[in-house]
Structures are given as structure tokens and as C-alpha cells.
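Below are two complexes that have chain A in common, paired first with chain B and then with chain C.
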Partner chain A sequence: MKTSIEILTPKTLTEILGILSERQEILTLIAGGTDVITGLKQESKRFKDTEVLVDVNHVPELKEIKHMPEKITIGAAATFSEIYNNSIVSNELPILKKAVSTIGSMQIRNRATIAGNFVNNAPCADTVPALLVYNATIEIESMNSKRETYLQEFLQGPYKTQLKKDEVVTKINIPVPTKSFTGDFYKLGRRRAVAISRITLAVLMELKENKINKIRIASGSVTPIGTRFPELEIFAMENDVNDNLFKTLASRMGEEIIKITGLRWSSAYKLPVVQQMFYQLLKGIERRSL
Partner chain B sequence: MKVNFTLNGKKVQAETAQSIRLLDLLRDEFNLTGTKEGCGIGECGACTVLLNGYAVNSCLVLAAQIDGSEILTIEGVAGEKELHPLQKNFLKFGAVQCGFCTPGMILSAYSLLGQKQDPTEEEIKDAIAGNLCRCTGYKQIIEAVKETAKEMHAGSYTSVNDKR
Partner chain C sequence: MAKKFSVVGKPVIREDGIDKVTGKAKFADDYKFNGMLHAVMLRIPCAHAKINSIDFSEIQNDESVFSIITNKDIPGTKKVGVIKNDQPVFCNEKVVTPGDVLGMIVGQSEEKLRSLVNKIKVDYSTLPLLTDPQKSLEPDAILIHPETKSNLIIHHPLRKGNVEKGFTESDHILEQTYTTQLIEHAYIEPEAVSAIPLGAGGIKIIGSIQNPFTTRRIVAAVVNLPLDKVQIIQAHLGGSFGGKDDTMCILAARAAVAALKTDHPVKIRYTREESILESYKRHPYILNYKVGFAKTGKIKAMRIDILADGGAYCSMSPFVTWRSVVQATGPYEIKNVHTDVRAVYTNNPYTGAMRGFGSPQPIFANESLMDEIALRLGMTPDEVRKINGLKEGSITATGQRLKNHDVNLLNVLSTAMKNTDFKKKWINNKKKESQLGELDLSQPVLKDSQYMNPDQLIKKGIGLAISYRGCSLGAEGIDAAAAYLSIQNDGSAYLLSGLAENGQGLRTTFSIVAAEVLGISHEQIFYLETDTSRVPDSGPTVASRATLMGGGAVKNAAEIILDRLISLIRKEWKLKKKDEIEFKENKIFVNKNKISTFPDLCKLAANRGVNLATIGWYKSPTVDWNEHTGQGDAYFTYVYGCHVAEVQVNLGTGEVYLDRITAVHDPGTVINKLGAEGQVYGGVTQGAGYGIIEEVTTDRGVIREQNFDQYLILTSKDIGEIKPIFIQGKEIFGPWGAKSLGEPTLELTAAAISNAVCNAVGKRFFNLPLNLEEIVLGKKLRPEEIKRGSLQ
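Showing the complex of A and B:
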């Protein structure tokens, strides 16, 4: 690891934006550091130009979790432990809470942050499928601009996002889900704890008179980036809820994943597992909606 | 740069490179070698310390990030005259074999008991899931933590910070 790295610890968002407005090529933002510090240590190419780290941990407004009338706002630098222990998240965003609980270890969750989970757009970012089914948007600021975009649009490709070098993610906004929604999250790793996920699935669904009124489906790890399944969602809606529908949906989900990724060496294993897990998620949600 | 922080209850200052890891700062500048380096990438938990009461991997924290914080290492856990109840119970239940994971294991348990006086077995497992042990086995460790919680509950110790 380079010993010459300088670390700045701005105390306000304005200070961060000021720092980012110049010398961006040598700056790297750091929050929990669980990704950046290991990357620096292993001399990853991602950080070859990094000379200055900008630590965003000391800016209170980037850590706040607030319940507004229409939306829930989560500060970009809120840690997973802060999110997990937050009562707003527990009451309104159970799928996010479950996703967060599966991440790393207590030590990691005490440091790692929510925006840090998706700003490098690794396919295995566990919060992404949960945020996608909640229709999350993110706020991004630079010295001269402020914009809000859907997370799905922000995530452009594996390890590629819309984020420009002079920008910082400040907030994640989630429309308050109506109480009629029930959902669930599933993660498969190589072991039960402290595992990098191989498959993640999130589903949020509203049943009305034994029909699927609304459904949102997202996956991670098993697709090149976390993604929603719009065609499958449309297909599912207005259908009578029964075992056959769930089986058809599970089978179609597998087909859609193959369409995106092509057949891989791991498909023989992952495909039936995804289908089975998706089926069980749907069954579980149905049981809890009755 | 100068880093000011509270280390095991005492205010300290260190003159150090900003990008040095907290782990190296503790071991090399303060000779607190109870904090171990295992994997160096945040997976094994041997370097666990408490940062403002919360367990963190000190290999994933930089010196510059702890300015103004409180750090507790294994050296700060025991009282002046007696071992901490967690340490006593680790001995009593045979929860120490080679000992390499022990400091991190105890600090993770310490942090848990600081937040929850009466944790369930699942909560204990979750709290130490980030601490790998390759020889003792987890059963004895979990029992030692349970027993400590029981003692705290019975009032032998008022809190996890209770030192003698």
C-alpha cells in the first residue's frame, strides 16, 4: 500500500464538493473503506492514480435516515448497522433490512455504507436488488449540479455507473411502500455467513382478490449487474395466484436470466437454484399475504 | 500527521503516516500486540478492536480516520486486579486453544454485551460470525459468552464495562 496517501476529513457536504471540484483525477472517496482499503493494499488498478482519500464519514447529513411524508431518505454514508438498527427501516423497508443483515460480518456492517455498496457497481452488491424493488432513486451532487436518478439508470454496467469524478452520492430516496405490499429477499453464498453472494433475489408484491395486482422482481450476482425483470413483471400481473403461476414465473425467470447472461459453466447449478428459490420466495409471500 | 484519540481509556497522541492502518498503529507505535493480523482483508476478525464501542476490523481502518475516537483493544479489557468476566469464562469453558482468534473474539462478544445484556444464541453467533476460529471450536466460545451474559444478568456484574 502506498504510504504517501493523504487523507482529508471534510466536515460538511460543501467542503466535500469543494474538494471534488479540483484535482479529481487523484481523489478517491472513502467511507467505510471495506472495499477501498483492501483495494489499495492489493494495489488494485482501480486506485492506481489515487493520491488523496476523501473520508466522508464525518458529515452528519450524509448519515441521516429520515421519514418524510412521501419517501424515506437514507444518507449515503449510513452504515449497514445503522440501517439495520433503524426503526424506520424496520417498519417500512423489511426487504432492505433483510438484505443488509446478510452482508459481511458485524465488523464489516459497522463500517460499510449503503452508497459504498453500489457506487462501484459490483454485481454482488447485496442491497441493490432490495433497493431496485423499492424503486429507489439516488441524489447526486457536485459543486455545480444536483440531480436525482433511478438507481437502475445509475447502474450502467459491471463496475460502471453514471457517477462523474466531481460528484458524490448524497442520499438514497425510497417512496414509502404501501402497507399492502409484501416482499422478501434471498441470498445464496458459499457459506451461511460472511459470504460473497452467488445469487440474490428480491420480490415485492401486492395481492388483490387472489390476483397479483403489482409485482416487482430484481436479482443480483446471477446477472452482470443488479437488475429488474420488467417483462416478467408484466406477465405476472392480473394473473390468478396459484401454484402453476408461480412455477411458470420461476421457469420464465430462468429463461430471462439465460437471455441476459448466456449459458455459463455455472448455469447447470445456478439456474435450477434460482428457479427453486424464486418459487419459494413467491410461495412464502403468498402465505404471509393471506 | 498527529492523531489524537482515546486508547483503552487514556488520551493518546501519535505522530504517524496518515495512510497507516489502525492495526499497524496499535501494534507498532503502541506495542499492543494483542491485536493480531490474520487475513488483512477484513474476513478473519483477528484484528478486531472496538471503535466507539462497535467492533471493527482494524485492518480496514486508517489512522487518520480515528482522530477523536475511542479505541478499546484486548489490553484494555481486564481490570487492574482481575480478568474481565469474559476472559475468565473463556478460560473456564476452554474457549482458548491456540489463542490467535481470542482477542478479536472477546472484543466482538464485549461489544455485543455492551449493546444487549441478554443475547440469544443466534445473536451471539451473529456477533462472532466475523471472527474465524480454526482450532478451539465455536461451541466453547458461545458457552463462555452465554455464561458471562448470565452472570451480568444475575447482577454479579452491572455492565460489560464493570472492571475490578
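Showing the complex of A and C:
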């Protein structure tokens, strides 16, 4: 582990952006630190040039959760505990709330932040499938620019994102889901707390006269990064909701995962289980919405 | 109950509890000394290699390096061991496991030393690896320790009756193979020890040490000093579970060598990774059982063949496997038994003592087997156990007749069943065939028929396991313990035993014992720091022997003092023989009339010159053992237990949800109810982890899970209700008949869970742990590379 490291604690977003405008190669943003600190300790190559940590925890606007007319915005540095205990999230984003509740332990949830989860972009990031089915966009700022992008586009590969060295994620925007949406989140770990997910699944759908009007499907830990399944979603649209459809969707998900991921040491277990549990998830949603 | 206790059997909060939860308790790494240096280990990432040379030239002149310590600096014994001296303190010729240490660099900054240690150039030639214990006894097997001429560490045979005859008399024969895995103790505190040079050539050691007297013996041999020149002090210990014995002895010895060479205090403290890498583990076993039984359920014969992977060093293997040979049949009276238990050397991490000590492995096998017999005969699990279970006067597999204590095996069984409504649930849950879908791995996409009805996804099961366990060391060796008790003239008291507080709550238990005898409060007793220079050698704190042996010694010490006080009272108050003296609630009563208080009496004793300090002693009755036939009175008494596991199994994922574990134990008299319940909660949780999740895997002898991100133990959320129930059987030994509990609480859980899983899904599992892949695929999956993607 590095013998010394400098920590800066800017108090405003402008201050953060100012710091990021120079010496970027030696700077690393830190929020909860649940990935950065362990990464530094384990001498992860991702932090080999890090000499200065920029702590974004002291900027109030990065922690706000607000209900706007069309969207809900969540500050990038909102912790999982803050999100879990927030009434807007409870009322409007139950799938995110459930995903958050499965993360680590109370201590980890008290520190870890939502942007940290996807900026790190581990395949097993628990909130990613939930954010993907909510069509989340993220706002990114640097000294000279401000942009908004879909999370799916932001995520580029395992531990890789679009984020540039001078940029910071400021907020997550989620279009307010209409009340006709229903859905669920599923996580499988080797134990029921402090568990890295083996499989995560998120589904959001809108039924109309027993047909699927809209559906969004995402998974984590079974593909190199959390991902949506557009082909599966298109296939499902306007189909009658019945047991056969669910079985077909689940098996198609299996095929898609083989296409994306190929066969790995864990496939013998994960492939049948992800299909089975996706089917179970759909059946559960069907039962609750009928 | 014969005697009405004032404090024994009540729930008492442990005396070190508040200090531990508020951070005041000093653990080994909290000690710092003037001029203290750190020592950092030199290792090579290889399980079997010949060392050609070590080149320190690049670092030896670095100002951070105060001294370099190797094998050449050892004044005494260069190889050590708790039983056999086969483990080098520093390896100078070869390494046989990746935990091996070649030398140390010593200096002020541990951080700098850690960055320098990689610059030492070790020239080594790799040697062929032996990692499969089943190949270790083949004629052309590589020898781990060539001087021993064989990889056999120990062979324990047991011969009783005639098994072949028993098999021919049987209506049914069952033969099965079971395997159990390598696991880590996972104590919360990694190893730490400091050695401080004393004047006159002596040395003081303070560390996270489980067995101070064993450590003293080994340090003394390594630094070539008489025992009295080596003082071992135990710091508050952050868990051990049998794991801070050999490793700590050798760490203490290394620190001592460095301290004496540099004339500075030297501290060694391990990271979690080093701790997991170097410390010994629980033995993996391969167990073959053949059992013959009549259609009535009566077992006629049992042939058992067990192979234990001892890893690179002997450590406790001979004793661990000895307990296995005694208990391998399970708690059943079987006329014909033929058992062989062998432990062998391999290049795997070495294995030694761990809570349970050679019992969880055979219990998993024999209790699975008992359920299979029941299923074969259409019986319930309790029926076949009642037919064969040990009773008063039964003869065990070692030919020992059980007597002089309540043989409560069937009593714990029926209590557990009654409390769980076992029979009804077991019959309701029982499946005729496997509920687990057969997966065709060449067809990874599921067919419609493979999707499960959500109402059928989760299956409930109930299972039980029973055991008997010999208390204390048995025929392993001399079994005696001491306690020092010194009453002050205000009625307060110092207490110290030669056994160590390893987190089990022994200080509180012993204070309760002394308080009960003297009719005072346990809060009046100040338990002293464990220190080899203050109290006689009492053997190791192992084998669930502390309450029984150390408690016996404390009671003896308190009774000696009590006798002296009674004599004083009789003289001072001129009492007659028939006058009854009673010590109660810190007061003294004669014929129910209060005559004095305990503090006043102690002051009087001081004024009259009465000695109120003493050493109590407790020695076990003799046991006997014939090592050629495996026959004899192996232990002087036994305890009995039954666990019932109620589980749900997710057929889709293979998850086993632990809804409730009911743990019924007969530990004899319970001294501290809270402490006893704590043993059950902890032991059951550890045993459940062994059953469903824990496993150390190795790649060419190198442990892959070197921290708790990858080595998973159960959390409190993974286990439902744990219900302890105590049956307090009569016993003539120990303080008021208090025996053993620590290890029995762990040894049964995995077997009970496995039987419950079988009840739930209609399929038996033979290989621990019953993790996700084992349940769904019937096998373990091993990644080739477990390095985190996040580190690339």
C-alpha cells in the first residue's frame, strides 16, 4: 500500500471542478471509499497513479434527493442508507430501494454512494440493473462542460466508464415511473448479508389488458457489466402474459447471456439459475399484479 | 438437585465484556514498548521448493533494516512442533508449504520493511508437488519430509469383535464415502506477539496466545533457556477456536530469537492474508464407511477407513485423529468394529487443532449413515438411533463400559424431538425421490419442463444428529490443572488458573466457582492476567477441558481456604462439632445465626496469621489405551448432545435457509448460564458455516481465499433462531459435575443440516459444504483464477 496520500475536502461543486481541472492523473475522487480504500490497500492497478484523494462528501448539493415534476434526481454522493430511508425513493422507486437494501451491510450502506456504485462499474454493482430499468440518466460536469447521458451508455466495460479524469458525476435523473408500472428486483449471493452478488435481476413492466405494454429487463453479475436486454424486451412487447411467455423469455435470456458472456467456469451453475430465477421473478410480478 | 446454588447456573455477564465492547481491553497488538522493533517475514510463493541461496545484499545496508534473522540465529532447537519437531522456525533448506518462513527482517518501520522484503533474492528450485492425500502413501510418492521415510504421520487402528462375521449376520450392507473440507478458524484478531528481553538473559512474551505453557516450552527450546527464564503473558485474545496454538508458538519463538539478538523488544503482527496463509486449518477427511445391520435396525458391524490430510506438518494430527478413532462409529453400541484412521503429509496448508478436533468430520459421516439406514428400513431417524444408541452400561467401540455418570444420549435425543415436533415434521417433509431437477450441462438453455412451479420452489426439511464426546484430553496425555486463589484481608480475592481465557468466558466461570464455595459474590474476585510465572503449568486450554479441569482446581483452592476459615471460626467462637457453619451472601452463619461477615472474618484471619492464599489442583482419573487394538477407557467421562436443524432449500438456487437450530446438550452442571448459551450460539453458527458455506481451496498448495472478501463465514442474518436446551446430567467429576460444552456445540450442526436438506429435497449429499453448486449441480465449481477484476 502507498505510504502516504493527500486528501482534499472541497466544500462546493465549483471547488471540486477547480481541483479536477489540473493534475488529473494523480487525482482520484472518493465518496464512500468502499471501493477506493480497499483498492488502494490491495494495490489495484486502477489506483497506481493516485496520490491525492478528492473527497466529495462535503458538498451538500451532491447529496440531495428531489422530486421534480417529471423526474426524480438523486445526488451522486447520496449514500445507500440515505436513499433507502428517503420517502421519495420509497414511494416512486421501489425497485431501487430493494436493490439498495441488499447491498453489503449497514456499515457499508452508511458510507457507499450511488454514483460510486456505477462509477466503479463492477459487474456485480447491485444498483445498476435497477437504475437501468428506470432509464436513469446521469449528469456529468467538468470545469468547462456539462452533459447528461444514459447510464447504459456511460458504462463501457468492466471497471470502465465514459467518465473523464476532469469530470465528476453530479446527479442521477430518473423519469418518474407512471403508477401503472410494476416490477421487482432479485439478488442472489452466497449469504444474506455482506455478499457480493452472484446474480442480480431487475424487471419493470406495464401490463395492459393482460398484454405486456412496456417491459424493461436488466441483469448484473451474469454479463461482463450490468446490462439491459433490448432484444428480449422487443420480443416480449404486446405478447399475452402467460406462463409460456415467461418460460420463453427466461430461456431467451439464457441464450442472450451465452451470446454476450460465453461459457465460463461459473456458467454450469449461473446459467440455469439465472433462467430459473428470472422466470420466478416474472411469476412473482404477475401474481402480485393480478 | 442435591444442592441449592447461589450463583452457579445463573446468567452472569462476563467480567471482560464491557472492556471488550468499549475498546478498553488490550489485545496483543495494542502493546507498545520503548525501542520496539517490528519483524517482517520472508516467504516464497511456492508450496515445495529447495532453497539454494538467499541474497540479502540489496537490503542489508538499508537504514530501515536493523537486523536480519535466519536459521543461523537460533541458539536452540531449529525445528519445533506441539507433538513432533518437524516444523522449522526458519526454513533454510526447503519449503514444504507456502506459509513457510525463510527469515525475517527487523527494523523500526514495519511499513518500510514490508516494501523491502520483496527485494531479497531467493534462489530456489521447485520440487514436485504432492497435494492429493490419497496419493501420499503410494510407493513412489514424493516425501514431504524425507527423513521420516514415509508420508504417514500416524495410523490409529481399532479392532473390536469380528466385522466379517458381523457383516454375514447382517440383512443389509451399506457402503458410502463422505468428504469434508479444509476450513479456516476465522478468529477476528490476526496473530500478534511481542518479545521483550529481560535482564539476566530472560525473555518476556506478550501475545495472542491460546496455550501459554506450550508456547513457553517451545520458546525455551528455541532460545535455549530454562523454562523459568521465559515468561509468557496472554493479552486479551480475539478468538482462537483452537487456532492460536502452533502458529503462536512459532511466532513467539521467532520474536524471541530476534529480541535476544537485537536486545530490543520485537513485535510480529500478521495481516489477515498472512494469518490465513501461515496458520493451520481443520483437517479435510475422506471417510469410507461400511455398515451391516439387521432388518430390526440393529447394527451388526461397522468398518471405517478415514484418511486425514495433515498438510505439510504433523502439528496436532496424531491427537485430532485419535479422537476420530475413538468416536468414529458415533454414539452407538456396535459389537464388531474395525477402524483405521490415518493422517498423512502433503504440500497442502498444514492442519491441526480446531474446535471440534476430529469429531465434526466423522459425525457428518456416521450421522448421515444413520439416516440412510433409517430410510432403507422405513424407520424414522430416532428409531434407528434408539435401537443402537449408548445407554447406561453400554460398551463403546473402544471397549469402554459407560458408568459413573448419566448416559443421557437418548434423553437429549427425545428432548430435542419433543421441542421440535420432529417426528411429525420429518414424516411430512419426507420425499420419495429427488426434487432437484437434473441439469444437462450440454444444454444450458432450460427447457419448459425445467421451470419450477413457484409454490414448489422452496422445500422444508428437518434433520437431526447426535453425538457423544469424551471430555478433556483422555489418553492424549497427563491431565491436571492448577488455580491460584488469594483472599485479601478485606474479603476481596485474586484468582488465576493455569488455563487461558480464549474468549470462552473462563475468567467468569472460575470466579463463579470460587464465589459459590466461599459464599461471596463473583464480583469480589479479581481475575489476574494469565502469566506462566504466577501459576503452575496446567496443560493447554483445549478439548473443552477448562470448566471441568480448571474449574475443579479453582473449587479445590476455594475449599482449602474455606477449610482454613472454618477451623478459625471453630476456634474463635469455640464451636462444637455439631454446630453448622454456613458461608452465604458474604456473611457467616452458625446454626443459621449470623456471626460475622466475610470481610471481617478475613481481617480476623489476617490478624491470627492464617494463610488465605493457596494453589488448588485437579487431576483427572487415569485412562488407558492400547494403541495396537484401539481398545481402552479412552476418556474418564463423556457428554451427549443432539442438534435438530429446520431448513428450507431453494431448489432453484441451492440456497439452504437455516430457520432454526435446536441444540440440546448435557454438559453436566451449567456454571454460567449466559456463558453456556453463548457457547451454543457461537458453536452452532460455526458448525452451520462448516455445513453450508465455508471452504478454503488451494491452487498448487497455495490458499486462494486469503481474506474475508473471499473466505466467507456466516453472518447473523444467515441463521435463524438458535435454541439452547441443557439437560444437566449427574457427574462425579469436575466442579459439581460440570463437564464440557464448547466443542459439542459445533460438532453436530453440519450433520443435522445435511440430514435436514436430504429430508427437504429427497437427495443425500456426501461432500461438505452443501453450498449452492453442491446442491444444484451435485459438485463444487472452482474458478481457475479468483483474483478480483477490480485489481487489474
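Rule of thumb we're sticking to: the second predicted complex is superposed on the first by the 288 of 290 C-alpha atoms of A that agree within 3 Å, B and C clash if a C-alpha of one lies under 4 Å from a C-alpha of the other, contacts with A are read in each partner's own complex, and residues count from 1 in each chain.
By our rule, contacts are C-beta pairs under 8 Å (C-beta built on N, C-alpha and C of every residue); 3 or more make two chains touch, one makes a residue touch a chain.
Just so you know, these numbers come straight off a predicted model, no measurement behind them.
Trainee: Is A:162 touching the first partner chain B, the second partner chain C, both, or neither of them?
Mentor: neither
Trainee: Once the shared chain is lined up, is A:289 touching chain B (first), chain C (second), both, or neither of them?
Mentor: neither
Trainee: Under the stated touch criterion, which partner chain does A:81 make contact with: chain B (first), chain C (second), both, or neither?
Mentor: first
Trainee: After the superposition on A, what does A:273 contact: first (chain B), second (chain C), both or neither?
Mentor: second
Trainee: Figure out whether A:108 sits in contact with chain B (first) or chain C (second), or with both, or with neither.
Mentor: First partner only.
Trainee: Once the structures are superposed on A, label A:193 by its partner contacts, choosing first (chain B), second (chain C), both or neither.
Mentor: Touch partners of A:193: chain B and chain C.
Trainee: Once the shared chain is lined up, is A:34 touching chain B (first), chain C (second), both, or neither of them?
Mentor: first
Trainee: Touch test for A:24: chain B only (first), chain C only (second), both, or neither?
Mentor: In the superposed model, A:24 contacts neither chain B nor chain C.
Trainee: Among the partners chain B and chain C, which is in contact with a greater number of residues of chain A?
Mentor: Touching more residues of chain A than the other partner does is C.
Trainee: Shared contact residues on chain A, chain B side and chain C side combined as an intersection?
Mentor: Correct list for chain A: 3, 38, 42, 105, 193-194.
Trainee: Provide the residue numbers of chain C that touch chain A in the complex, in ascending order.
Mentor: 111, 115, 439, 441, 444-448, 450-452, 454, 457, 652-655, 693, 709, 712, 714-718, 771-773, 776-777, 781-784, 788-792
Trainee: With touch defined as at the start, can you tell me which chain B residues reach chain A in the complex?
Mentor: Against chain A, chain B makes touches at 17-21, 40-43, 45, 48, 51, 54-57, 59-62, 64-65, 67, 108, 111, 126-131.
Trainee: Spell out the residues on chain A that touch chain B in their complex, using ranges where they run on.
Mentor: Residue list for chain A touching chain B: 1-7, 9, 32-34, 37-38, 40-42, 53, 55, 57, 81, 104-108, 110-111, 193-194.
Trainee: Considering only the defined contacts, which chain A positions touch chain C in the complex?
Mentor: Residues 3, 35, 38-39, 42-46, 105, 120, 122-123, 158-159, 188, 190-196, 198, 244, 246-247, 250-251, 254-255, 258, 263, 265-269, 271-273, 275-277, 279-280, 283-284, 287 of chain A touch chain C in their complex.
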